[in-house]
Amino acid sequence: GPTSSADASEKFNVAVYAGNVVSLYAYIGVSEGFYKNEGLDVTLVETTAGPQATAALSSGSIDVMLNSPDNALNAKQQGFDSIVIAGNLKKPLFQLVVKDKADFPHISDGYPAVMQDVVGKKVSTYVLGSSIDRLGKLLLNGAGLPTDSATFVPVGGPGQGATALDAGQIDVLMDAFNPAIAAEIAGKGSVLLDCSIASCGKAADAAGAMSQAYWTTQKALDKKTADFRAFVTAQGKIHAWATDPANSKALLAIMQKYLPVPAGVDPSGFYSELQELMPRYFSVEVNKDAINANMEAMLEMGDLKSPVETSGMVWSEARLTTAP
Amino acid sequence: MPVKSGGIRSGLEQAQTPAGRTQRLPLSGACKQQGSGAAISFSHVGQYFLLREKSGARAIEALHDVNLEIQKHEFVAIVGPSGCGKTTLLNIAAGLVQQQFGEARVNGAVPRAGQKNVAYMLARDALLPWRTAIRNVEYGLELNGVAKKERRHRAGELLAAVGLSGYENAYRSQLSHGMRQRVALARTFALDSSILLMDEPFGALDSHLKIQLGELLLSLWEQNKRSVMFVTHDLHEAIALADRVIVMRPKPGHIAADIPIPLPRPRNLNSLQVNSEYHELYQHIWSVMGNV
Amino acid sequence: MPVKSGGIRSGLEQAQTPAGRTQRLPLSGACKQQGSGAAISFSHVGQYFLLREKSGARAIEALHDVNLEIQKHEFVAIVGPSGCGKTTLLNIAAGLVQQQFGEARVNGAVPRAGQKNVAYMLARDALLPWRTAIRNVEYGLELNGVAKKERRHRAGELLAAVGLSGYENAYRSQLSHGMRQRVALARTFALDSSILLMDEPFGALDSHLKIQLGELLLSLWEQNKRSVMFVTHDLHEAIALADRVIVMRPKPGHIAADIPIPLPRPRNLNSLQVNSEYHELYQHIWSVMGNV
Amino acid sequence: MSENTMAPVAIDPDAWVRSQLRAASAQRLRHGLSVWVLRLVVIGGALFLWQSLVNARVLDPFVVSSPQAVGAFLLENLGTGKFWTDVQATVLATLIGFVLASIAGVVAAFVLAQSKHLHDVVDPILTFFNSMPRVAFAPLFVVWFGLGITSKIVLAFSLCFFIVLSGALVGLTQVDSDLNTITRQLGANRRQHFVKLVLPNALPSIAASLRLALIYGFLAVVVGEMIGSSSGLGQQIAYYSGVLRMDAVFGILLVLGVLVSAAVALMRAVENYFLRWQ
Amino acid sequence: MSENTMAPVAIDPDAWVRSQLRAASAQRLRHGLSVWVLRLVVIGGALFLWQSLVNARVLDPFVVSSPQAVGAFLLENLGTGKFWTDVQATVLATLIGFVLASIAGVVAAFVLAQSKHLHDVVDPILTFFNSMPRVAFAPLFVVWFGLGITSKIVLAFSLCFFIVLSGALVGLTQVDSDLNTITRQLGANRRQHFVKLVLPNALPSIAASLRLALIYGFLAVVVGEMIGSSSGLGQQIAYYSGVLRMDAVFGILLVLGVLVSAAVALMRAVENYFLRWQ
């Protein structure tokens, strides 16, 4: 209950993606003691896929999870009381990397022109139906191309696409930016599209504007309100710390610890690029519009059968994005 | 001394009627009462086995209207050609096969596998390969909760009695054929069962050992007032040991003769060799058997 | 007719010296030449087995300085008490056991398992349980590439010869003990091996069948000029069938006597019963065996 | 025992045989019926319990779906071509992997059964490879063998092979020594010794391991498809669990269960034919 | 054969026994040595090949890492407390799941071996559950049993149980009928019949299935940890493969292989002790 926040250590389980840059703030929170300072004894539970974590959330074995709005919308439609308490990303997470630039003559023309080159190619995705898969289809859709004009190949999860690209199993790697950067630095390919820099079309930009956030359930929220309040406070402090240039050395150390450099990749280049890109992505604000944009896109693509009531999906105490 | 009962008569009677296809109707009440005092009784026992062939199946009549009573403390030997149903008859008494026709009784009750007081020695040794000789002899004692020290002692004595001291720790694979049979024999003797069913127990032994172990069997039989149903191929052995010799014949398996052996007890098996009555009995039964 | 060789003499010689711990030095060249013409020869064969006990291990001397020659077309029977090494000797001839001392030869060569022209009939039936009786008899023929039709024909004939027509399609589990042994016998006879090694082949059979199948064995032996090494516990059987009876004794297993059987051939096994020479031989060997 | 057990011995063996055969087939029928009735009762009971618990909100349909929803999903999808294409992809990959692994497993077991020395050398190395979680290799297999059927076949092979090897080794090394002796003595060459004695003797063990291997073959292919594939039931499971459609996930698992059960039943029938002597 | 095979028969049986025992232990030592040398040659050769192919750029270290890199990773991490905590978590979950499944599997096999009817009813239902890819259930297990050790134990159990059941059933139903008869006849009750006859007779089959089950128990736990866990080697594999640290992935797989091999070797030693009569 609310009084329990007085306890020095309140058990609090947070599901994050194993070794993915998206989990960076949670890693900072644990290693810099931000959670402890708020009276939370946080255990990070590493998972590889959102649905697994959603199941764990429903059982109460975790308290909060990193999730994308489309997963949350799916869950909501199945009768699950998803609710977002804090943001995490403000840009689409992924980059597109291609093995051979020569096959992509429009590479310098930016979106949407480059998408013509993707037609007929094999594009990696984690699993069919995953957020990254959906964003890929939004990119095609936004460029006026049918969603099946490229072949989406599920490679299992983050990181595995890089090896598949290298082995020639796919032509285009679509992945979270740390594996994408790694692939590029290791000379496995070149960036085709980075939606954190260039616009990737209205729909994709909107849908990706909160591509990952911290989600929980209304039931859990009612039970442990004070803990969630403490968690959100900690997220704010983490953001402030991470974006303060004074902490860049400590941040590098955390990255080195939690996001190890892949084999065959130059560490200095990898970390400097990570550090440079990182501020463009992270935010602790919740973007209501991103939830609605996601829903519209999903309705259009048939991933949702009917609209979902989104008004209750944001916690009243969450920090909201101020309109741009 | 064995009690001579109607068993002999009915057996001989049976031998005189050709093995017909139709047979007597249910037993009379008198016959039933007779059975109650016997150690083992079979009345009108019949047994078929199904043998599948390429085209359909056919019946093997392993036993046909078998009537036999073995009294308490009687030693009955059964002889007869291979396949005449001797083992099947033992199996019925042991409760391992449920006869299809007629009735069988052991100590007045329907035979049941694992019945107390009945020891069955199979024609094959059936030693547990993962146990040493002495632990095989102990097996029955162990199953009946005899304390470790006592059963080890008893097993050691019996192994010595069958001539196997020194082989206590040998596994089955390290024993000769006859040695295995002797271990099985020791295992059978280890329990003081009042009824012994024995299927060619000395089949793998040489004549000297046969005599030696025959005398061991007779002494155990006399001490403990046991009843013995003893299947053998060796007519000499049958006559030397038994009170009655039952001759069976095949196709279908039936009792052809039931011959009392009036040799005096206790018998010295070595000296029987020079006993003329013994040789006469042998010639008589041999001729009965030869009429097949 | 069997050729009498030095085998007898050396065997009797052996019987006269007590089985000592030290023995003769290597064979002379003469002895070696003798061996070359024999079907089977053992010279100075010795065999130990290791028996592990709780405390350490001990040696069982299964064979001690065994010298024996079996000539081509000779029928040699081996008798002796259980555990005296008869099966071990057969196993050496069959190439299944490699003797530790001395030399063994079969048709002049070192024995080898699976050697052509040697048939070994084990004391246990060793039928394949997933094959029917007739397919068990065919087994050896099949392994030697005999065409299906021919082997089926031959197997059928042999099954009939051992009294099992009608049981062609029975599995091992459906046969009686003696029937299984007869199937194994038919399997052994199916191949025209020139050397037969037989370990108590009639052990599970009644006396009538023993005579019947003994005559079958003799006729096959005479027709095909085979050599037979025949282990049995039945001294009557040994004398009735063999040219020579070898008496073995245990602890350590050695040859105690080698006795020629000068009964005329061909022999009618039934009429031997009334042959006085036969009975004299029996008494003689029995007394030799009794001296253990 | 009542009077009628003392009835006269049967009059006519032929009639007895006929009655026995009739009784046997009636018994088989009765047995089959009672077995099926019981099975249906068990299954029906389980489904009823499932639905009731969901209806009573003891179980959360979000997590465990419900028989009704699963049924609706199956009704809708079982007819579609896409569904059967996926079934085909999964079954084909499994069968190829399974058959190859079975042959290789039995052959390897045969080779290892020949030489204790070789066996001792190779065994821990095999254990070592077998002990690595093959599922962790699935992405590597994707890289090495592509996203198509080959990588699933390899994954299935890598599981089935060791199961068959292990089961077959038990069977192949447990030959009765008398049968061994007689077979060698009758002049069998190595091939005959294996084909006529060792193999039939090992059949029960091999059959059991083949059944297990088939099951794990399906499992491997499905997991492989879940991890990286463009078709197959596993890919469907991954997709539907990604969009939290538990009704669909359960529906596909149900189809898989039925498929595998049917395959196993078929294998058992073949096995019973070969082991009818028992 | 040379003259010396015709030497006099051994003089002293005691001396012969001693020489035999000496020869046997020397032979064991020689065998052990040669086996280990060969194993090391095979393993060393494979490592050398791997490293050379990477050095020659035939294999890409990005994809397959290299023995050197793996070694470096292990050197760095084997000493750390975190690593051993993970090892402990994985081993503990596996052992608990394995032991429970072994007992349950043998008991279930025993029950099914008692009644053909029950067996016939239950068998397809068991097959059905066994045929469902348990990995697809991992999220459900997480819901039911949490993210801690329990869900991994359950996953391990769900794989091991069926492997042990299947192997034990083969062993338990293949009892020599003579031994069966004699044991019943000597007055064994049900428990004794099982403990003294059926169980020892089934030991080779059970032991083989236990070995296989242990291996799959590890696999299940690792996969369970990969899917969602806060500790364990599987979680490490998921983590490092997400960040493309193939050296770490291979290093952890290596550690797993060594762990499981050691466990299997231990089981084999126990097995040999019990089966020394063979």
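As written, the chain order gives the labels A, B, C, D and E, with residue 1 at the start of each chain.
By definition in this document, a contact is a pair of C-beta atoms (placed from the backbone, for glycine too) under 8 Å apart; a residue touches a chain by one contact, two chains touch by 3 or more.
Chain labels with UniProt names: B, C = NitT/TauT family transport system ATP-binding protein; D, E = NitT/TauT family transport system permease protein.
This structure is a prediction, so every number in the text was calculated from the model and none was measured.
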Inset, instruction - Identify the chains adjacent to both subunit A and subunit D in the sense defined at the top. - result: E
Inset, instruction - Could you tell me between which two chains the number of C-beta pairs in contact is largest? - result: D-E
Legend entry - Chain at maximum distance from subunit C, centres defined as averaged CA atoms: A
Legend entry - Superposition rotation for subunit D onto subunit E, Cα-based, multiple of 5°: 180
Legend entry - Separation of mean Cα positions, subunit E and subunit B [Å, integer]: 49
Inset, instruction - Using mean C-alpha positions as chain centres, tell me how far subunit B is from subunit C in Å, no decimals. - result: 29
Inset, instruction - Check each residue of subunit A and list the ones that touch at least two other chains. - result: 49, 51, 55, 58-59, 157, 160, 163, 166-167
Inset, instruction - Mind pulling the residue numbers of subunit E that touch at least two other chains? - result: 63, 139-140, 143, 226, 241
Inset, instruction - Return the residues of subunit C touching two or more other chains; collapse runs of consecutive numbers into ranges. - result: 124
Inset, instruction - Pull out all the chain pairs that touch, please. - result: A-D, A-E, B-C, B-D, B-E, C-D, C-E, D-E
Inset, instruction - Please give the residue numbers of subunit D that touch subunit B in the complex, ascending. - result: 1, 3, 5-14, 16-17, 20-21, 177
Inset, instruction - Sort out for me which residues of subunit E touch subunit A in the complex. - result: 60-63, 65, 69, 138-140, 142-144, 146-148, 226-230, 235, 238-248
Legend entry - Touching residues (chain side subunit E, partner subunit B) in the complex: 176, 178-179, 181-189, 192, 196-197, 200, 275, 277-278
Legend entry - Touching residues (chain side subunit B, partner subunit D) in the complex: 21-27, 43-44, 46, 48, 50, 56-59, 61, 64-65, 100-103, 110, 173
Legend entry - Parts of subunit C lying in touch with subunit D, wherever the complex brings them together: 94, 96, 113-114, 116, 118-120, 122, 124, 126, 128-131, 139-140, 142-144, 171, 187, 191
